[in-house]
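The block underneath contains the structure these notes are about, expressed in structure tokens.
To keep things simple, chains are lettered A, B, C and D as they appear, and every chain counts its residues starting from 1.
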Amino acid sequence: MASTVSDFGLSCGILPGGARNAITDVPGIRVGHCTLRNGDTNTGVTAILPHGGNLFRKKVTAASHVINGFGKTIGLTQVQELGTIETPVLLTNTLSVGTCATALIRDAIRQNPDIGRSAGTVNPLVGECNDGPLNDIQALAISEEHVLAALADAHEGEVEQGNVGAGTGMTCFGFKGGIGSASRRIALGGGHHLGVLVLSNFGRPGDLVLPDGRRPDPGQPAGVERGSVMIVLATDVPLEHRQLERVARRAGAGIARLGSFWGHGSGDIAIAFSTGNLVDHDESRDLVPLLALNEARIDILFRAAAEATHEAVLNSMLSAGAFTGRAGKHRASLADWLRDQQR
Amino acid sequence: MASTVSDFGLSCGILPGGARNAITDVPGIRVGHCTLRNGDTNTGVTAILPHGGNLFRKKVTAASHVINGFGKTIGLTQVQELGTIETPVLLTNTLSVGTCATALIRDAIRQNPDIGRSAGTVNPLVGECNDGPLNDIQALAISEEHVLAALADAHEGEVEQGNVGAGTGMTCFGFKGGIGSASRRIALGGGHHLGVLVLSNFGRPGDLVLPDGRRPDPGQPAGVERGSVMIVLATDVPLEHRQLERVARRAGAGIARLGSFWGHGSGDIAIAFSTGNLVDHDESRDLVPLLALNEARIDILFRAAAEATHEAVLNSMLSAGAFTGRAGKHRASLADWLRDQQR
Amino acid sequence: MASTVSDFGLSCGILPGGARNAITDVPGIRVGHCTLRNGDTNTGVTAILPHGGNLFRKKVTAASHVINGFGKTIGLTQVQELGTIETPVLLTNTLSVGTCATALIRDAIRQNPDIGRSAGTVNPLVGECNDGPLNDIQALAISEEHVLAALADAHEGEVEQGNVGAGTGMTCFGFKGGIGSASRRIALGGGHHLGVLVLSNFGRPGDLVLPDGRRPDPGQPAGVERGSVMIVLATDVPLEHRQLERVARRAGAGIARLGSFWGHGSGDIAIAFSTGNLVDHDESRDLVPLLALNEARIDILFRAAAEATHEAVLNSMLSAGAFTGRAGKHRASLADWLRDQQR
Amino acid sequence: MASTVSDFGLSCGILPGGARNAITDVPGIRVGHCTLRNGDTNTGVTAILPHGGNLFRKKVTAASHVINGFGKTIGLTQVQELGTIETPVLLTNTLSVGTCATALIRDAIRQNPDIGRSAGTVNPLVGECNDGPLNDIQALAISEEHVLAALADAHEGEVEQGNVGAGTGMTCFGFKGGIGSASRRIALGGGHHLGVLVLSNFGRPGDLVLPDGRRPDPGQPAGVERGSVMIVLATDVPLEHRQLERVARRAGAGIARLGSFWGHGSGDIAIAFSTGNLVDHDESRDLVPLLALNEARIDILFRAAAEATHEAVLNSMLSAGAFTGRAGKHRASLADWLRDQQR
């Protein structure tokens, strides 16, 4: 079970969390990991599936927001134009985006033999952070099989956090980073959730500020930030693309509350999707009924996005044990630092 | 009755036009003008009302696209964020945007006394072109009364084109420009229209290419382009903001087909709205049902936007008689040039 | 002399402030106010002049960033296209943008009689917040003369903060808001500054978090946020448009650190300019030499933008005394709250 | 030698072309192809190298513009944020982007062993069109070796056009499309060029309009557009990112002049770079001198971008012989159609 901010008496905001305090509080969402730890190889793949069916046939409404664009994500152009996601969302290390995209394509063709024939092509969506310090990233260790393993591992329920999947070799504010998740209940239209999953790999040592004002010291030189953070936001509130883009933008507020200023060398990218309005690839009607949120009620989603992003990053660090990676490089655990403080 | 491309044996594309071949083919749309012609003052105001009711209370879904941003339009920031228009759309000369915005605000407060009190503020939307060559633009001749006159003149049915309203003193490819309109029938969901109204004031003399390949000579030195074009697109097809933004973008294709390359000094701005999904300012539900177009059917709207923009600009020039403005500056009529060619 | 965070033992970040801790630490910048306090009228105009010369003739390099676009600023389209500012930057109340724009136009014509004749038109830049709760905003009390008074008042040196100029009737997190400023020294290329001036009018009561973690209670119902914040960033570091846009974006981090999530109803807009590369309106060369920052060194500017925005908002509140406005509505002073805490 | 519009008595605009009428008229640019033709496999890779040195160490200034974002290009996010290109620009089929990106990464590491260690990561830039109708795109036939072959083939001078490299299996307005190039001389600052290379794969049969008004019939059913076009623009005029973005946008005007309305299913993406200001990865100065174009002179570049894009697409079709691809699907040659007309 992942350690979370509440285990350490911290809180990020005022909205109540979901039952699992994870992106999987949004019904249907599945998360899977493939973790590689072998000598200097410390990396992996994390897959987020918006639902359990054929994602190409039943696309989810989506949007993205680039907080800082020093990043190599593939797939954003089409997400912004068409407002949909049609594959799993993969997270991995920076130099493995190409391999992951190819694996997603092959998997989509397997499920939809008309792709590239009668049905157009498919838009793979893969985000990344640079785990170079702790992982031999030049080895390009991720293969298409690792992607299939992460997809096969995807499940509802508990989300494994910390040093798993794409988070295996990540660093955050000089501490060990990785995969983190959090959620908020949304008191709208009968009850909904907004959930966030992050791959945390950003922040200069010394810049982290806890919700109570403390500034943990990771025992690392401050140096130049060269990290990144991928933020995936999911909700079952029906939102149109423009509304999702507004929600995605608020992830940046969550990151800023941690003490980050969205550093130059960091690829800080948010992707948001809603399972509330599926888009049928084979839609036969000219005009399609859908639901959209009354815009005057959107603040609760903005607040939830900022709070859950803030908390998901902290959860990623609190779930990640101390780690020694490539060339003996060590990263302390924020959980250890907090436990030391409590003594 | 306005002269149009078909009167001269020209055509812009393949889709059929609406009954009036004007933006008012979209049900509910009203257009009004206030024209100032007095000595060196040759300018005016044109108002487009998306419907005949209270626009602040029942907003239309909207989007804009900046083709080239050397322009002073007010209101676009909020249109892009919220995806709605909540006042009439005004067109005028460049230096009168402020006065027109203030007049829209006062008119909105008159209709909605809660504005600036309990209801937030209102976002006036005013576009402009520089009629400086033919109008003493430094005189700032437009007053708030002129705006009210244009609003009072707004009516369904026939759209007065050419040297009227904001179009009074405009120049296009060295010929007389002004107000032009065109429409296309949209064979979707029971039958709809897309209509366009332009304020044409762009294009270097010599660059105009007619649909049949002819290049009319306005008898003006080529010089530097310092014009602009405002393009307002309306449809009753229900579209969400993202889809409207995609439609608005295609206005640029229509402008390019005239021989323009969207010159540096030109403020070329498209605003698109749909009357198909009104947004209730006082909406009480959390989730609102709406209709959106099946994206796979959107090409007909793209084609219509390009064709109708192309044709509306030509119609603006064909409806505009030869004109002598400030300091004796003369602009020939494209209609006269075409009639000369037919002899 | 304005109260600032350091008077209360608070600090926003780690970079040293400039000598005045104000936007005027950037050489040449002038700030002026015109304040209207008369019965229910509590509003005004604030002018920021990037330098003391003819701004139309010698434009400053500029960019803007829309954090949340529920706002009515005029002038952003051209700033983004051309990357320059060519008038003073005005701040005022939401419904007075039109009048302020007209006043800027007339002032620019007075200085440059070729505007609207041989020199093209001029792009007025006016930002706004809604002071409706404390000011009878429906009265549209700002006249062109008030703009001229703010321009005439503009001076280097000390910046008057709090309940002055456009800040007169503003509210921030339920406390009295207004005009605030801060600066940071930039240890690059011989020594430079980045300065920020804000018009603060945002934030839900109860959401404000101080740098030390305290959450001040303004004694106001939380309600719905309907505010805004305008952030003007200036630097003498030579930056190109793209770099300025990146710097402007970081203002959002400063706002988020205060506890805001950039609420739906808030027009949160940042405008950044550099005095390091003036653009000559009458430039005769084809290619123009300029200086740009080595991008690898830009983090200090990002950090400065976040820190100085954070601090400028707090300074606006700490400089603003308790205030009773329209219809007897009262706003407490954050400075009073802090003094009470110290007792 | 490629057939071009002038061989058929056509012309696209008024500016003079360069000596080779190709992107290689810009000094230093290299183009290489790897072509796969084997049974149902008809595809390839085209590489554009901005200069002959280490592109990661000496980056070129760059920008992109998404005309229509139904496309899977990788690398645009970072190009827009940092304003540079640091690898060759590759073009290929839609499903091979991942493999091409991985190959670029490996090639960059080979040249720069500090990538992923001390030097951050590298941003591969790969564009694509869907050659599915003529190529067995599901086979994912492109391997990293094919990329290396295209890179090894890159050379200055003549550009092979038509059915080569990435253009092998492409279709344009129902005719055979492929690789095309054109250039314009730029009479600025001592003499410069703007060159364009396109991968043409867009346009509905029947929509093509020649510069003289003729509408060639490819003998194909009109159907739904599912194409794309990649447009790479290069110049040795020193331009900053914002100016390059403005130039890139004008590629859309060239595409529109061909009769396209930038169809829904088309990924129409322009990438522009300038060799006039190289960005040194290892720059040691804080402030870097560079040259930028006097913005008032930029219209010649806009006109050149529209004209050369227009012409490059026609050249791609005129250089492409009739072709029979996957499953016996045939595409006529526009050159043959024109020769038939001349008889």
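The definition used in the following text is that a residue touches a chain if its C-beta (ideal position, glycine included) is under 8 Å from a C-beta of that chain, and two chains touch if they have at least 3 such contacts.
Being a predicted model, the structure only gives us computed values, none of them experimental.
Asks: Treat touching chains as neighbours and tell me the shortest step distance from subunit A to subunit D.
Replies: Between subunit A and subunit D, the shortest chain-hopping route counts 1.
Asks: Among all chains, whose Cα centre is located farthest from the one for subunit B?
Replies: Chain centre farthest from subunit B's centre: A.
Asks: Express in whole angstrom the distance between the two chain centres, defined as the mean CA positions of subunit A and subunit C.
Replies: 34
Asks: Distance from the CA centroid of subunit A to that of subunit B, rounded to the nearest Å?
Replies: That pair's centroid distance is 43 Å.
Asks: Using Cα averages as centroids, what's the distance between subunit B and subunit C in whole Å?
Replies: About 33 Å separates the centre of subunit B from that of subunit C.
Asks: In subunit B, what residues contact two or more other chains?
Replies: 68, 81-82, 246, 265, 295-296
Asks: Which of the residues in subunit D end up touching subunit A in this complex?
Replies: Of all residues in subunit D, those touching subunit A are 66, 68-78, 80-82, 94-95, 97-102, 105-106, 109, 115-117, 120-121, 123-124, 130, 132, 137-138, 140, 226, 265, 267, 269.
Asks: What residues on subunit C touch subunit D, complex-wise?
Replies: It is residues 81-83, 188-189, 237-238, 240-242, 246, 279, 283, 285-297 of subunit C that touch subunit D.
Asks: Which residues of subunit A touch subunit C in the complex?
Replies: 68, 211-213, 224-225, 246, 249-250, 252-257, 259-265, 295-296, 298-299, 302-303, 305-307
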